[in-house]
Amino acid sequence: MPLIQVQLIENVFTPEQKQEVITKLTDAMVAIEGENMRSVTWVILQEVRSGEWGIGGRALTTEAVHALVSATN
Amino acid sequence: MPLIQVQLIENVFTPEQKQEVITKLTDAMVAIEGENMRSVTWVILQEVRSGEWGIGGRALTTEAVHALVSATN
Amino acid sequence: MPLIQVQLIENVFTPEQKQEVITKLTDAMVAIEGENMRSVTWVILQEVRSGEWGIGGRALTTEAVHALVSATN
Amino acid sequence: MPLIQVQLIENVFTPEQKQEVITKLTDAMVAIEGENMRSVTWVILQEVRSGEWGIGGRALTTEAVHALVSATN
Amino acid sequence: MPLIQVQLIENVFTPEQKQEVITKLTDAMVAIEGENMRSVTWVILQEVRSGEWGIGGRALTTEAVHALVSATN
Amino acid sequence: MPLIQVQLIENVFTPEQKQEVITKLTDAMVAIEGENMRSVTWVILQEVRSGEWGIGGRALTTEAVHALVSATN
């Protein structure tokens, strides 16, 4: 406790970024709940296939997410 | 909001049918909640391996589902 | 199979609308997968407390959703 | 995308802390994926009843978690 | 690891039975994976409101489940 | 009802063990709720990639779990 389950579209995050998701989300929770809770703070990642995540009825692809992400840099 | 998470046994639905699941479930929700909610209506699909979905303790396979589905036509 | 899990913010949908969500989502799936699958098509609703659903880091309340929904009528 | 679902034992986190969970987890993700993804980063909280979360077969209560948390200060 | 998430219709299981669900499911997993995994075997229960669990498009109520259960005794 | 969703790290359980998880968890539930509920007791398995399950911020790998499991024999 707590349990954090994260769903991502496949191949948007690199393996390194996925490790960062685990550490950063854990650290964010521990900053709120206290260091003693670290050992019972779980973060589980699940990837969803490109095109199998609908927003407003339109299927989101890995490429579309990359385009959105890169538009920020 | 709303979030709709759909689990399916692998290889039962074609890619086209999976797109239909996204659009039809979204349309069904929007028909109830109103068109303004479309942009915040999410549908996420996750496939489960054949034989890793138990009903009554018996593992359901892709082939068994195909047999059940085709019996309708 | 299939399993459809729907999360909603509390008190946005009336009891009648929630029944409609169950029937309409089931019908939408059965229209794709075939009538034989109806008996193994599950729809489960879970409500989330007002203010405990974040979009972009901002907590969404029941009132905010009602405002968005009613803007459509 | 991404979707972050957080489960907590009831009455461990104050309403203010729960808002912090939403903002801090969103900020942690956006720091990895880029600011453009903020609007499609969802965080959903669900509370679990005291005594209905088992670790190693032993039910965890709200009181037990408070004792663990406060041991850190 | 493993994580077991159980959804039940509200007020079908007594508090004692829900404790049994935690211990019996944990013991069942540990019998397969080995005793060393006990400390990282989690079981989380979530109740669903009566009438908000659809099977084949028909909403299942607590009373209906009680009737089904008691028919076994 | 009930629905049991089990998440496992990939390649820790053999195919035979995964079948055992389905049968043993179903039997454990039926022992509590009664035999009549067997047909509506679902168990769904989902595997998580090695290294994508964080405990305390540290990513758990298949190898690490095998080492922990085998330490029991």
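Chains: A, B, C, D, E and F, in written order; residue numbering restarts at 1 for each.
Heads up, the rule we're going with is that a contact is a pair of C-beta atoms (placed from the backbone, for glycine too) under 8 Å apart; a residue touches a chain by one contact, two chains touch by 3 or more.
Quick caveat, the model's predicted, so the values are computed rather than measured.
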item: Shortest contact path, chain B to chain F, counted in steps; value: 1
item: Selected from A-D, A-F or E-F, interface repeating B-F by over half of its contact pairs; value: A-F
item: Chain located farthest away, centre of chain E as origin (C-alpha); value: A
item: Greatest separation from chain C - chain, by CA centre; value: F
item: Interface sides of chain C and chain D: same vs different residues, half threshold; value: different
item: Whole-Å separation of chain centres (CA-atom averages), chain B against chain E; value: 23
item: Distance from chain C to chain B - Cα centre to Cα centre, in angstrom; value: 14
item: Residues of chain F engaged with two or more neighbouring chains; value: 3, 7, 25, 27, 40, 42, 44, 46, 48, 53, 55
item: Chains touching one another, given as label pairs in label order; value: A-B, A-D, A-E, A-F, B-C, B-D, B-F, C-D, C-E, C-F, D-E, E-F
item: List of chain D residues in touch with chain A within their complex; value: 1-9, 12-13, 17, 20-21, 24-25, 27-29, 31-37, 40, 48, 53, 55, 60, 65, 68-73
item: Contact set on chain D toward chain C in their complex; value: 15, 18-19, 22-23, 25-27, 30, 38-47
item: Chain D partner contacts - residues on chain C that touch it in the complex; value: 7, 46, 48-49, 51-59
item: Of chain D, residues touching chain B in the complex; value: 3, 42, 44
